[in-house]
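Look at the two complexes coming up: chain A is in both, with chain B in one and chain C in the other.
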Partner chain A sequence: MIVGRTRIEFEPRLSPNRWLLLAVPVASIFFALIVGGVFLLAAGHSALGTYSSLLSNGYTTFDGATRTIGFATPLICTGLAAAFAFRMNLFNIGGEGQMYLGMIGGAWAGIALADYFPKIVAIPLVLIIGSAAGALWVFVPAILRAKMGTSEIVSTLLLNYVALNLVNYFIFGSRGFFRDKSTSFPQGRSVSSNARFGPFGTTNMYPTVLIAIAMALFLYWFIKRSNYGYETSVLADSPNTARYAGMNATRLTLSVLLISGALAGLGGAMYVVGPAGKIDPGLMQVGFGYAGIVVASLARYNFVAVVITAILFAGLRVGGAALQISSKPVPIAIAVVLQGSVLLFALGGEVFRRNRVHIRRVEPVSTATKVAS
Partner chain B sequence: MNSNVWVLTFADSISIATTLILASLGVILTERSGIINLGVEGILLMGAVTAFLVGDGTHNLWLALLLSILVGMAMATVHAVLTISLRSNQIVSGLALVIFGTGLSQFIGKSVEGKSRPVQINPLKLGALADIPIIGPVIFGHDTITYLTWVGALVASLYLSRTRAGLVLRATGDAPATVDAQGVSVAMIRYIHTIAGGALIGLAGGWFMLARGTAWSQAATTNGIGWIALALVVFAAWRPLRAIGGAVLFGFTLQVPFTLQGQQINILPPAIVQMLPYIATLLVLVALSTPRARRLLGAPKMLGQPFVRDER
Partner chain C sequence: MGSHRASGATPFALSARQVTKRFPGVLANDHVDFDLLVGEVHTLLGENGAGKSTLASVLCGLYKPDEGAVLRNGTQVRLTSPRHGLQNGIAMVHQHFRLVDRFSVAENVVLGHRSLPFFLRTANLESQVAEVAEKYGLPIDPRATVGELSAGQRQRVEIIKALYQGAEILLLDEPTALLAPPEVEKLFETVRAMTATGKSVVFVSHKLGEVVDISDRITVMRDGRVTGSVARGDADTRQLAELMVGRDIDLTRRSARQSSGETLLDLRNVSVARGGVAIISDITLNVRAGEIVGVAGVSGNGQRDLAELVAGLQTPTSGTITVVGVDTANLGTRKVRAAGLAYVPEDRLGTGLAPSLSIVDNLLLTRERGFLVDRAAAQIEAETFISQLEIKTPSALTPTRKLSGGNSQKVLLAREVFSKGDNSKVIVVCSPTRGLDVGAVETVHKLLDEARASGKAVLLISEDLDEVLTLADRILVLYRGAVVHEAHGDTADVEAIGYAMAGLS
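Up next, the complex of A and B:
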């Protein structure tokens, strides 16, 4: 590429540079904070003050840190969901809607079934049914993609809006099964106490976070060691190789998308088992499904890195929420601005991680001969 | 029920279609060059909030629209640099723009949240023409930008099919190596059309705010129209004129819920009716998935593929 009189060349790196593996994310966060700072200053807020209170409210105090880890639980799941599909070049961006369906399915099981089982059976049942509902929600896009090659991007996304209105219908638009009928205030009907975990002590952390982390570790191991993981990796890198080796691309594609949907659904069900205990439209304010995509991309689809990134991101949000209760509230949207900028910078930084970049001056021919002589 | 209501609904669908046409024209230009820009929703929101803020500050309608165009171009430039020069994943970059645009529009729009729109685009007064029954409101009841949009679709269609530059553009999306061998810079063509596309999408957002919106509220403003525009491009087979027909159809599904609510027709609960545009769009995508339909569609062949010349 030639810009003016300089020539920029990308030479692919043959071996990964370990130093850059850390430097790119750190630099991305740094530049994102600068972009966020510009907007904060323009809106008349103190950038450093905002960031330091973000840091203490989101990460460095005991209350903030535990709140963040609790809050991160569904985000770990949607992050895993995105990572599982995206690493296969299957862009399931319907994690948001699949998570709502997980909440609906989990709440249904929690209300209808949980009373008949002891806690040790009821909670897994709720989580499994929630996951199944999430998988069901991605079924149509998955079939279209696997059988006919229709892009899954727009189809999964459109279903997010359908799922959103479905939750609205259950809570605000009707007085049916999911609605708490004892009050005129529109809220969900509580699930059986058998279907719920209590928090750890006085914190906002629930045991579900341990399940989410265990799931991440399991997936990491599973994709590295299992036949299935190997086949999906081959298919992702080279569909032709996979076909020559006799792998069933249709079945692999279908299963990857369904598992991705199930992981997002699991996040929604965990929200029921943990803090919510019912269908809570509050989940729709956060955008965990979309944030999960950012988390997965930043973690470069590594399942263990997803956990860490999800917790870092949840802290932004928790810290951001705390910023609103002050004399001069900073809109919580600043957290979303920071998320978007981190991702944009990380994408740009990726090129430096993958390539050696050479910048050379292009000399006009006559000068070059002069220098040579 | 009053037949007049349905005439108005149809007229409204044509009006709402303006946003869809503008946005999908932007997407068509971008995608014809081989670049997927999924950031439409984010650019629409930024265009909308820019138009609102500038309108609020200056009360100048045209300045507001001009700035939403510039903001759209700026966001498309970010996408272009990332995907064309730095060869990042186009899908993820587009999604990052959506997240960034959603957050930023909410952040800078906080100060005017709930305020009603400061300036508005009014329908042109076409006198006697607008009084013709049915045709009057449907065809002659719109504003300048809507008419310009129709002309724009025609111009874009001629540009693609009848000009040399349009030929080069189509070739860039289908066979960039050939274009490169002809000595034309693939990166240049892609930059120009991605940024021009961003301008149209930004305008779509600005127009939507000032013509259709009432008050600024980030959550309620575009409500997924950007994604519908992306589906519409598939429906229109990357052809500008077909986008008009598709946009009116999609506009109708977006408008019907409001008419039903306004007429107190409660065959279906409002939340269910609100799902219909998205379900309809999905059904269209399903219908377009059959092998026969796909052959007829003809997406740009190298859509989403970064172009790397085999150097040395």
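Up next, the complex of A and C:
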């Protein structure tokens, strides 16, 4: 890249710099806060005051922290879903829709089946059926990708809109199975009490968060230690090597996408088991599925890091929401601006993590020759 | 070499004087002289890695020579880029085309032309392109989308592009590699049409049989040096084949043995056809325990397909393949391995090894792995190999892409040949020393020798004839997917082999 009379050169780093592994995320948060501060000042708010209030509302008070962790629960799942697929260079952008399907599947099981089982069976049943619904939602894109190489990015993304309209139809467009018929106000029909966890004490945290964290730890172990994890790593690294070793690329691709869909679906089902207890169109306002993609990229597809990133990310939203009801309300959009800035700077920072950057003066006459690889 | 330089009166359109070009670990061009007359077709002939393409790249301005000079019409030019080369009337058509698939033929042709107006007048360009195409017998529709064209048609686009941009000298790098025979004939007609109008052509090729007819002169390269230059009429194909494979290098040929061991690999009448084209035709070969059978041949004559057939990565259209008594033709690679096969592919890092994975993980690649992967045992094994084979690596957990070619080849050989103990009885090895330095070549050869000594059957498929001659007890020559020549390691007639490799039996 040439800017004026200086040339900026990127030289790939041969070995990763451990120090930068920490420095880049910290620096990206710092720069994101500066960008957010510009917007805050422009809107007539104090940047430092807003940030300190964001911090206490989102993280450092008991109420804020528990609210954040509760809010993060589905986000951990969608983050895991995205990370699981990304690890194999599969871009499941459909976590959002798969999560809705998880909510629909979970609500169905919670209404139709949960009454027949004790709580200890009913809740896992709801979670499993929700996951299965999420997997089902990605099945067509997955099979198209695995067999014919059709871009999963487009197909999974488009299905998000189908899923969104499906939820809208169930709640607003019809008076069917999922609709609460006892009131004219359009809302979902509550699931059996057998299918629900109560919160921890007076907090907004549900036991589902423990399941989500356990899932992250399990996946971390499973991918590191199992033959399945090994084969997916080989396939992701070098498809020719996988073929050479006799691995079944079609089956691996298919299964990775299905598991990814199931994880997103689990997030939706947890929303039913936890705070919602029914199909709640409010879930669609949050965008957990898309946020999960961001969380997964920031966590660099490390499942344990997904948990931490998801909680940090959720805190921005929770803290941002709290700002709205302060004496001088700050719009929730500022939290979204911060999220976006963090992502932009973190992804931009990758350049510095992967490359050494040199700035050189351009010689008067360029004698650069291109060398064919 | 260079006797033609005395001709004096005729000016050289393009010359190389003592051109030397080094790449890390390789001396690609070693004081090379080359002269191209106006209006002639001059072929650069040589095996893969002989330095032909490097020389062509120096001549067109893509590479800067480390030493020596390039002369255009007798005056030295310092070419700084292919664009600069083009300004001097020199253009190269690369083996891998550099076209924009989504653009039309006409758009591709004018792409990069300096004097283009801001708005293209497409109709105008199309007629200009059609005119150039017409003149040199390159039938093509200027409006066609390049992505939809065949390889031969794309090549025409590249040639038209070079001519449109004012090239007087065309360097064609392996131009027939992707062409079907009728297209080759068409290309030759074009080349003749070009030289008839005073343009000069450098034809880079390793296909001896093909170039004899088209060339006015043939310069042969080997190991980065020019080994001879022959004018049309004097071109004796036998002599050229000899120059190409070069017997001047002293060969410490290991004495071949006649193995009386059990036949461990047996191919009978194996054929493969793809889309109606025969890839492998009627190959029958066997390898006994304690024997190395070498398959020689110029690249692209079915070597890879043969290896993949034996390894179970392809299935034959007809014929039988037996590995240690098991019919493996349709088993799939995992079961073929279970029957006792090991396979060292030519492409080490992209096929034989997963580049981002550690040495330990790569050792596990062709093993039976349970539900959980046992890395602890593999790590101990990896460390043993690292010390035994002197693999230079920071640790057993280093990704294989960080190893040198020789060291990654050792990892691959360790896994395929030695780690499975007595389990692997048949070893298929493809070009095992390609790109390696002398020391590593020696180690690899020693390892293959050890495998032979321990009673394994080794099928060595290599484009390096020296290697085949050094190692093999028996030698087969592969040409266009068929075995065209057979010889014993000790009594092999190098000339006859070179001849067979060029398809001139």
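Just so we're on the same page, the second predicted complex is superposed on the first by the 358 of 373 C-alpha atoms of A that agree within 3 Å, B and C clash if a C-alpha of one lies under 4 Å from a C-alpha of the other, contacts with A are read in each partner's own complex, and residues count from 1 in each chain.
Everything that follows uses one rule, which is that a contact is a pair of C-beta atoms (placed from the backbone, for glycine too) under 8 Å apart; a residue touches a chain by one contact, two chains touch by 3 or more.
None of these values were measured; they are calculated from a predicted model.
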Looking at A:237, would you say it contacts chain B, chain C, both, or neither? Reply first, second, both or neither. second
Check the residue A:150 against both partner chains and state whether it touches chain B (first), chain C (second), both, or neither. first
For A:246, is the partner it touches chain B (first), chain C (second), both, or none of the two (neither)? second
Answer with first, second, both or neither: which of chain B and chain C does A:210 touch in the superposed model? neither
Is A:294 contacted by the first partner chain B, the second partner chain C, both or neither? first
Which of the two partners, first being chain B and second being chain C, lies in contact with A:162: first, second, both, or neither? first
Thinking of the overlay built on chain A, is A:48 touched by chain B (first), by chain C (second), by both, or by neither? neither
Could you tell me if A:226 is touching chain B, chain C, both of them or neither one (first, second, both, neither)? second
I want to verify the contact counts: of chain B and chain C, which reaches more residues of chain A? B
Have a look at where A:121 lands relative to chain B and chain C in the superposition and call it first, second, both or neither. neither
Both chain B and chain C touch chain A; at which residues? none
Chain A residues touching chain C in their complex are 14, 225-227, 229-230, 233-234, 237-238, 240-246, 367-372
Which positions of chain A touch chain B when the two form their complex? 1, 9-10, 39, 43, 86, 91, 93, 140, 144, 148-151, 153-155, 157-162, 165-166, 168-169, 172-174, 287, 290-291, 293-294, 297, 331, 333-341, 343-344, 347-348, 350-351
Along chain C, where are the residues that touch chain A in the complex? 57, 61-64, 80-82, 94, 311-313, 332-334, 337, 343, 345, 347, 350-357, 361, 364-366, 369-373, 402
Chain B contacts chain A in the complex at 38, 78, 81-82, 85-89, 91-93, 95-104, 106-108, 110-111, 187, 218, 223-224, 227-228, 230-231, 234, 269-272, 274-275, 278-279, 281-282, 285-286, 288-291, 294, 311
